[in-house]
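You will see subunit A twice below: alongside subunit B first, and alongside subunit C after that.
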Partner chain A sequence: MSRIRLSGLRKAYGDTVAVAGIDLDVADGEFLVLLGPSGCGKSTLLRMVAGLIAPTGGRVLVDDADVTDVAPRDRDLAMVFQSYALYPHLTVESNIGFPLRVRGERRAVVREKVAAVAAELGLTDLLRRRPKQLSGGQRQRVALGRALVREPGAFLMDEPLSNLDAKLRTTTRAGLTELHRRLRATVLYVTHDQVEAMTMADRVALLDGGRLAQVGTPAEVYDTPASTFVAGFLGAPPMNLLDVAAVVGAHGVRASAAGLDLALPDDGAGQVSPEGSRRALVLGVRPEHLVVRPPGAADAPFRGRVLAVENLGSEELARCVLGDADDGPVVTVRGARPLGLAAGDHVGLAVDPARVHLFDPDSGRRLERRPGSSTPSSPTPSSPTTPTSPAVEPGLHGDRPLARSLP
Partner chain B sequence: MTDRMRAVRGHVVLVLVGLACVFPIYWMYATSLRRPNDVFETSLLPWPLSLASYGEAARELDVLGLLANTTLVAVAVAVGQLLVALLAAYAFAAYRFRGEKLLYLAMIGTWLVPFQVTMLPNYVLLYQLGLLNTLSGVVLPQLLSGVGVLLLRSHMRSIPAELLEAARMDGRGSWGTLWTVVVPVLRPALAALAILLFVTAWNEYFWPAMVLQRSGAVIQLGIRGFLGTEGVRWGPLMAASGLACLPVFALYLVLQRQVVSAFVRSGLR
Partner chain C sequence: MTLLVEVPAPAAPAPPEPATVGRRRLPRRLRALAPYLYLAPALALLVVWTYRPLLQAVQLSTYSWNLLPTSPATEVGLANFREVLSAPELGDAVGVTMLIIVGMLPFTIVVPVVVALLARQVHGRARSVYQALVFAPMLVAPVASAAVWQWLLDPSSGAVNRVLGLHVNWLADANGALVAIIVITGWHVLGFATLIVSAGLTGVDDEYAAAAAVDGARPRQITWRITLPLLSPTLVFLTLMTVLLSAQWSFPLIDTLTQGGPGTATTNIYYLLWEYGFRSFDAGHGAAAGLVFFVVFLAVAWVLVTMSDRLSFHDD
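Here is the complex of A and B:
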């Protein structure tokens, strides 16, 4: 299997930049998922790796060989398309064997390899059928078979599960993971479905507006999102993001907003920033990290009113507006059913301070706690990517660093 | 009005239109099968039947030779137009290049220019090339069919881009993709277009008459011989015309399935 390396890969259509200089390394045998909303450039990126789109700049390396100007057929990469792209006039057998026949393999060899792949994917009984006589799941397997039969250096997959119904998607997902484990294949997989990304990926690369927002294991990108974009994209429902003011007081830093007064762990902020200095921050808490408390409880820094409760079966979601006004900030709480809340209830919410995420409101980048350090915090170095926006020095007051004072 | 009544009324209209279309063809064969003295009979059924008109037509015309010539011309024109349209439409559908729109509009434009406008320049050109009185002179200026390019391009654009990309990933170049993916996928559309082009070329009368300048070349010119100054000889005229229609009917029968499905599908797109 091959290793794929992208260096400064860029694609612009006139003034519109689809992919803005991406550096990414897909290790041999790795399952890397390119995740992002529609229009973030992930499919364009995949097509540039495949050779179907010529990049405006940058290079694509497969096993350290520069293939940027090499034709798709000579890159030793196989692709599975969203629409499956099966040849409608050919039988399943001919569809799977197509890439081999094009390469001039002998008929007997083609038949043998097709039979082996068909057996592996459970397609043996369907070999004589045409694509239109197959169900969605069967077509998907044929498309996979056509990629497998070539024994390529790496697989490129463009939302291969998005046309399947929910149940089939779950089983196919497990099947793909199993296949990857068995073949130790290098896979570059594009999807907008975070469940696919979280369940299948060795690493996830999140794209936002043609730039890499974060690269890391599913746990890393979920637990320590590098920006408000990542925090707001991952998770269903996503992380609660609140605009707060951080104020340095006599007893440390407090984050406050309507219906919120949260002490941020004190590690000496008062000594760095003078008392009374303020700074705007974005505070993030995952819905499952909010704990319901009685209204007015001393350990509940959030207080508000329940707007609605949604039943998800095993869990419940409660949407709460913070503060007394109706147009205050809204947070979502997620917990095991029953939460014991009803619309209109007044409620207090608690959170473990270690579960609180802080972001710079201008750049959206994560602010990292660096206890005892005198250096300013910088965007999360959890990804091998270049920062996508200039690191904003998050000082509470002038050029004084907040780093030492914030979690 | 109930749905049923509406359906009946619709079918009555369709039957009437159908009869109006079929009747002239029926009348042509009916007249050709009457005895020479009965050609002006107006009875619906030609009785007693007679093949005398066919005999007369065959004696005066080399029907087989003319049919062969006509077939040659029509096939050459239709195949040529199909090939040119296929390659042009593929280029317009699959590639983006400078001047693409202009070139495309120019090709479609040829369809909008009346034959009478190009007739004389083409004639003069053929004269200068020494191609007058040759079958290739008939075929050559007709090789581009604007409507063919238009039709095939829109059909090709409806082929999912991913299908062509899959072919590229699987190792096909542009040329290989055209013949192993695009053409098989477009077979119904190609069949329909082939018939359309063939029938148009087969029925072409004026241009062959101009270029060939003699009656013994294609069947349509041969038939003209029965429109004499001393009157029209309806019997052999209808017999020869009936024979001239047969190849077109035969072709339609062979390709009928593809044609119908192409028209149905182009309605669904």
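Here is the complex of A and C:
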């Protein structure tokens, strides 16, 4: 199996930049998922790796060979298309055997290999059929078989499950994961479905507007999102993001907004920063980390009113507007059913301070405390081309950088 | 002991009463009629201009009549058919028609496919200009182009002979006249056929070619193994058009350039039919010949349409 490296890969159509310089290293045997919303450039990126789109700049390396200008057929990569692209005029057998036949493999060898792959994917009884006589799931397996039969260096998959119904998608997902483990195959997998990313990936690369927003294991990208984009993309519903003002007071730093007064974890901030100085922050809390408390409870820094409650079966979602005004910030709470809330109820919400995420409002990047230092900073960027916020930013008041004094 | 009671399935709701208040509803029978009323104008035109003349032709084919309103039509039964089918000139005309059809195929299939495939390599405005150039002959009236071609084919000073370095009297030579008719007709329909092939190519999803490229196919293999098979419905359609319509397409050129000659070298079936009707003024023979051609072409069309159905691949 092969390793795929992208360096500074770029694609622009006129003035429109589809992919804005991506550096990515897919290790041998790794399952890497390119995740992002529609139009983030993930399919374009995959097609550049496949050789179907010529990049505007940058290089694609398979193992150590530069294949940027190499024809698709010579890249030793197999691709599964979103539409499956099964040749409608060929039988299942000819479809799976196509990559071997065009390479001039002998008929007997082709038949043998196709039979082996078909047996593995449970397609043996369908070999004589044509694509239009197959169900969605069967077509998907034929597309996979056509990729497998060549024993390629790596697999490129472009939303291969998006045309399946929900139930079939779940079982196929498990099947693909199992296949990956058995073959130890390198897989570059494009999807907009975060569940696929979280469940299948060794690492997830989140793309936003043609740039890498974060690369990490599913746990990393979920637990420590590197930007408000990642925080707002992952999770269903995604992380609550609130514009707050951080104020340095006599008793440490407090984040405040309408209906919110939260003490941020304090490591002596008040001692290095002048009292009363403020800066704007974006505060993030996952819906499942908010705990319902009685209204006015002393340990509930959030205070608001329930707008609506949604029943998910095992869990409930409550949308709450914070503060007294009707147009205040809205947060979603997620918890085991019943939450004990109804629309119109006044409610208090508590959160473990360790579960609170902070982001810079301008750059959107994550702000983090560095262990053993009182200097917060953005986390190490996941890619050299990723825009990073300056680690230290001036406060809104006072000439001392306030960020330095925050947690 | 606990009493267990089965939960009943939800009762099927009664279908809602149709709203009748405030609006008179058309009787059911009248509503069923609506689609036919929409079709009526087109149907009326078809009946007046196609089916009625067809029936009249059937009727006419059993009479002997010289088209003069003053002279009587004599009923002759199937004699017209016997005479038409046993006429030696019919065999010649069928032969000429088949030669024209075969000669037209390169112009309606081979060249358009090559041109359309090459045109895909051209991008932007150049492509439109290119397509317009190929399509232009279609817009030239056949009679007008015939005049120009007559001049180009002139045996002593014509451009064709000068370019080819030949001294052929094209329109007076049996083979030369047939070749000229085929080439000029082909030149006329080439743009139309190219347009059809281009449209067919647009209908072939690029994903197949992309998949084949990743699968390891070379451009030539993609064309032969993927693109052309997927284009086959279009190609069958063009074959159908060529077989059914070549005789009609060539008719105005035959009439203006050769009048079916020299001898009967360029008399195709429609020109023969026309000669029966409007040279010999024998309406019965003309109608009988027309019906025979109609039935034969109907059978050919049926075979080709069946073939085309079998060859079309719906990519869904």
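Quick note on the criterion: the second predicted complex is superposed on the first by the 374 of 407 C-alpha atoms of A that agree within 3 Å, B and C clash if a C-alpha of one lies under 4 Å from a C-alpha of the other, contacts with A are read in each partner's own complex, and residues count from 1 in each chain.
Basically, a contact is a pair of C-beta atoms (placed from the backbone, for glycine too) under 8 Å apart; a residue touches a chain by one contact, two chains touch by 3 or more.
None of the values given here were measured: they were computed from a predicted structure.
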Clash-or-fit label for the pair subunit B, subunit C on subunit A: clash
Subunit B versus subunit C as contact partner of A:Arg107, first or second or both or neither: neither
Which superposed partner A:Lys132 touches (first subunit B, second subunit C, both, neither): second
Touching partner for A:Arg184 - first (subunit B), second (subunit C), both, neither: neither
First, second, both or neither for A:Ala78, with subunit B first and subunit C second: both
Which of subunit B and subunit C A:His251 touches, first, second, both or neither: neither
Intersection of the subunit A residues that touch subunit B with those that touch subunit C: 47, 50-52, 71-73, 77-79, 81, 83, 85, 87-89, 98-99, 102-103, 146, 150
For the subunit A and subunit C complex, residues of the former touching the latter: 47, 50-52, 71-73, 75, 77-79, 81, 83, 85, 87-89, 98-99, 102-103, 130-132, 146, 150, 156
In the complex, subunit C residues that touch subunit A: 205, 207-208, 210-218, 221, 225-226, 229-230, 232, 313-316
Subunit A - residues contacting subunit B, complex: 47, 50-52, 71-73, 77-79, 81-83, 85-90, 98-99, 102-103, 146, 150
Residues of subunit B touching subunit A in the complex: 160, 162-163, 165-173, 176, 181, 184-185, 187
